[in-house]
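Listed next: structures, encoded as structure tokens.
After this come two complexes, each holding chain A, first together with chain B and then together with chain C.
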Partner chain A sequence: MAAMLRRVSGSALLIVFLICWSFPALWGAVTSFKTERDVLDYPPMSPFHPTLYNYRHILAGPTSIVPNLESSAILTVSTTLITLALAIPAAYALGRLRVPAKRPLGFYVLATQMLPPIGLVIPYFLIFSGAGLLNSYSGLIVVYVSFSLPFAIWLLVSYFEEIPREMEEAALIDRATRLKAMWHVVLPQARGGISVTVVFVFLNAWNEFLFAVVLGGRTVRPVTVAMFDFISLEQTQWGRVSAAALIAMAPVMLLGLLAQKHIVKGLTLGAVKGSGRQ
Partner chain B sequence: MPRTALSRSCAADGAAAALAPAAAPVPAPAIAPPRDEQRFALVLLLPSLFVLVLTTTVPIAYLLWSSVQRINPAMSFMNGFAGADNYIQMGDDPRFWNSLRLTLVYTGSTVVLQVVIGLALALAIMELRRGQWLARLVAILPIVLAPVVVGLYFRTLILTPTFGMFDYLMVTLGLGSHNWLGDPQLALASVIAIHTWQWTPFSFLVLLAALAALPQDIYEAARMDRASALRRFWHITLPLLRSVIILLVILRLTVALSAFAAIFAATGGGPGTATEILNLYAYRTSFNELQVGYGAALAVTLLAITLTTTAILFRLRRRI
Partner chain C sequence: MRGSGNGLGRVRLQGVGKRFGDYSALEGIDLAVNPGEFFSLLGPSGSGKTTTLRIIAGLEMPEDGAVFLDDAEITRLSPGARDAAMVFQSYALYPHMTVARNIGFPLRMVRTPKAEIDRLVRQAAQRVSIEHLLDRRPGQLSGGQQQRCALARAIVRSPKLFLLDEPLSNLDARLRLQTRTELKQLQRTLGVTAIYVTHDQEEAMTLSDRMAIFMDGRIVQVGTPEEVYGRPASTAVAGFLGSPPMNLIDAVLDGERLEMPGAVLSPPTPIVGFRGPVTIGVRPGDISFVESGFPAVVELAELLGDSMIVDLRLGEVALKARLLQNRHFGEGEPVQIAFDWQRIHFFDPSGARLAVG
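Presenting the complex of A and B:
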């Protein structure tokens, strides 16, 4: 009896859970197909004629967010490539080799990961305005690498540590150089961890806002900043802001689904494994 | 030869260490590592270290320097060395004390809410035979969304009086329509709720994974001894989860302390200064009021708070 009661209340809770965390997104999706007049219908659940009007406006015409999507893509892809190119060797060294002062180095990387962004955006603003780097891709990419790199190193270290050592040692006994052992033996086995890291670096860079709004400008203007175009004190363009949010968040939602099994490990920097009950 | 795993020795032993708290640390290798291994490691590490120093440590040093300067891009003829002036100014700035109080309330309440609700949900949904996967799937959605988008969403579609879904729900339940983000009495609670909405699924997923990894035989034994569910939770589950919970608190604390975009999008720190946490105050001071030197001093304060609390928590974690 008690067990059944527990299961029923558990299911009820599950339903509340699902509504609470999926409804806002579903509601936004519905709103994105409404005209501005239909949005204002009260009560909010009234029937309406779906239209692609909002999507036409945000993908073409003067309020198009396509240039902003391009900005986001340039920033995110460059950041991901540079970060991974730097982080993979560093994580390999920290995770698999005997490095002098390994612990202090690890703590240093971890500490740089914990810095509050406001503490970085102020000096970057001063440095960039002096150097003429405001509103430039190169400037913003440097900043994005600064917060992606410590994260990527930490996450990759946890994957590199998991790979068994025997094969690499066998390769070394066969007189392969260390570089070859790393390249041909270890890296192929770390492919999974590397792709998870790519997902998270991409996600954080795509979603970034503070640095972009302060250090970006008219040309370097990712989609997170462009969201505000549809909102002003006088008027909110409900349908358009919903459609824009949906399009802007589509890439990260897709990545989240793809990386579903690895998300816990990624979120805890590799500290907690697993995806629930196997 | 086994070597100390770095990710475990420094940050984060999560579930694995929670289950094996008695495992002794692996002794350091007695033989010195071969010279070529060290050289190879340094070659691999140096580019990253160079970039990290250049892109994080140098800017932080510049921030410290800026915090003892008068910097106003609009009146650059006034710029110059200010000594401790900016820090002294903070002492009798009521807006600073307000932002400090809001930061503590915001951080404390969001972290506690996320962990407590996340744990309750994880415990309840663990019991379910079916539908767990659905909860895990839905939980990913808020986590991957950009905080700025979440803030805008709540400001428009969820919390707007009369049109927002949540407001409509409150009216339907007979609790009346409120200006959730515009009323100084409610705005702080609203931004706390937004942060909690977005990040509770994170705690939920992590705790669910940790719960699933707990050894079942202890529970069997406890059931044999007729220990009640509450006692089992208090004496078995909670102690086993302690390490994961502290890890979660560390992770959530650093994120809450640097929260910016969602509040910026939802209220911009207002109405007035009702939701102006230290982050927002430093931003407004530097980039709206152009008092960059004073803004830098505020940011240094936040930096000091973040580093102190995480250092304390790490110490706490190691002692367990």
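Presenting the complex of A and C:
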């Protein structure tokens, strides 16, 4: 009886959270299919004729966000690839090798996460304007990598530490070089951790707004920045903002769904001795 | 699938020492293992036996000394370049690969042609009777099957040297006995040199051609199981081997008399060659219950099934005796015991074996 009560109350709690979380998203989704007149209609729940007008406008119209989606993709994919290329060897070194001053290094990596990003905007602006990196992809990518790298390293170290050392030693004895042992034995087993890291890095870069708006200027405008074109002093085009937001959410949601399997497996890997991915 | 190359596999360690920080794990290890020999490194945990094996494997670098395989020095060689395969205590199978890919891994790493890999993998799997499991993954195997898979991965490359780190300790008791026999047969057929680390003296005694006893980072004795058991070089070895281990009694030897706390024994023939304080060693099996001998008191009797262990008190000395028949003893029962004087061991006060007759 008590167990059932617990289960029911647990489910109820989950449903409340789910509604709270999904309400804005659903509201946005509904709004994106409304004309501006319907958006402002009162009461808000009244029936309306769904239209693809907003989508047509933001995809094919004069204020199309497609170039901005491309910008976002360039920034995000580059950031993710560069971060992983640097974080995997770094995390491996911290988690595995006898690195002198390993603990202080690990803490230093984490400590960089404790700075509030907004405090860095002005210094970055000054440095970048001096270095000619304003309004450029490379400038923003440098910023994004510098933010995601510590987090990615920190996340991956725990995954690498979990892989039994003996497995790698076995690979070395089985005539693999250190690099081959890493490639054939360590990385496949860290796949879960790498997927989780990809999701987080991708998510942070894709959703970034502050640095993009300050350092990207008029040339590099990811979709998060471009969305604000639909909000002006005279008018907020709610339908278009919603449609743009929905399109911007899609890649992240898709990635989350794709990686879900790996994330769960990554978390349970090593829980049972000798168990492997089937 | 005989040992590769010239088929040797002679291992020599010369003054090998290893420190971890301030802790000295190994000191002055000298060892020579003959080609084709089954050689055990036996000792309590923390005695340095696994470190020695890892140095031979190349997984640890010694601070002092040198390691030779046949005539080549391999001290600083990478593990993969040593022609030595290893079976780990945890098996260390690659969980994301099938059994076939696990076994074939050492071959793939040196770019063996695929057909050759398939043939050798099948052959190795057959040797350890797991050819029907080649498509499974390690997670789908039982402990015994995982262990066989690890063995197959080690033999597939026909190494000169076979290193085993407590490979049987994760198996249950019955499987361990069976695998022990198979392991020995496998090593004999392959004719490969095997170095086997264990803390289980029974395993070491039954498997080894020769063995080295490790204590506190040093080798205290090397010999055949018979030699090490029959003529332990020190009280430490004597007290480590045998179950229960040898009784060690502090006494004073004076030719015809052997004085120990609370009792004086007189051997049938005078003991010559040494006088003064000694430690005498008596194996529990070398104590017998007789009609008239030295008076002792039974403190506890444990039944083992085919034999029994009797705790005795002789004067102030506690002794364990092994009796090959079952007999009832009451607590505190007075008995008469005798020692097999031919088989008594003498050690000097520093613990070293004495040649006393």
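Keep in mind that, in the parts below, the second predicted complex is superposed on the first by the 235 of 278 C-alpha atoms of A that agree within 3 Å, B and C clash if a C-alpha of one lies under 4 Å from a C-alpha of the other, contacts with A are read in each partner's own complex, and residues count from 1 in each chain.
We take it that a residue touches a chain if its C-beta (ideal position, glycine included) is under 8 Å from a C-beta of that chain, and two chains touch if they have at least 3 such contacts.
Here the structure is a predicted model, which means the values were calculated and not measured.
In the superposition on chain A, A:Val185 makes contact with chain C only, not with chain B. Residue by residue along chain A, chain B and chain C are tallied for touches, and B comes out ahead.
When both complexes are overlaid on chain A, the residue A:Val252 reaches chain B alone and has no touch with chain C.
Shared-chain residue A:Arg56: touches no atom of chain B or chain C.
When the two complexes are overlaid on their common chain A, residue A:Glu166 makes contact with chain C while staying clear of chain B. Judged by the touch definition given at the top, the superposed model places A:Asp174 against chain C, while chain B stays out of reach. The residues of chain A shared by its contacts with chain B and with chain C are 272, 274-278.
On the chain C side of its complex with chain A, the touching residues are 57-59, 78-81, 84-86, 88-96, 105-106, 109-110, 137-141, 143, 146, 153, 157.
Here chain A touches chain B in the complex through residues 6-7, 9-11, 13-14, 17-18, 20-25, 27-28, 31, 39-40, 42-44, 86-87, 89-90, 92-95, 97-100, 102-103, 105-112, 114-127, 129, 142-143, 145-146, 149-150, 153-154, 157-158, 161, 165, 178-179, 203, 206-210, 214, 224, 227-228, 231, 236, 238, 241-242, 245, 248-249, 252-253, 255-257, 260, 263-264, 267-278, going by the rule given at the top.
Put simply, chain A touches chain C in their complex at residues 164, 166-167, 169-177, 180, 184-185, 188-189, 272, 274-278.
Partner chain A is touched in their complex by these residues of chain B: 1, 3, 5-16, 29, 33, 36-38, 40-42, 44-45, 47-49, 51-52, 55-57, 59-60, 62-63, 66, 71, 73, 121, 124-129, 131-132, 134-149, 152-158, 160, 162-163, 165, 168, 197, 201-202, 205-206, 208-210, 212-213, 244, 247-248, 251, 254, 257-258, 260-261, 264-265, 279, 282-283, 286-287, 292, 295-296, 299-300, 302-303, 306-307, 310.
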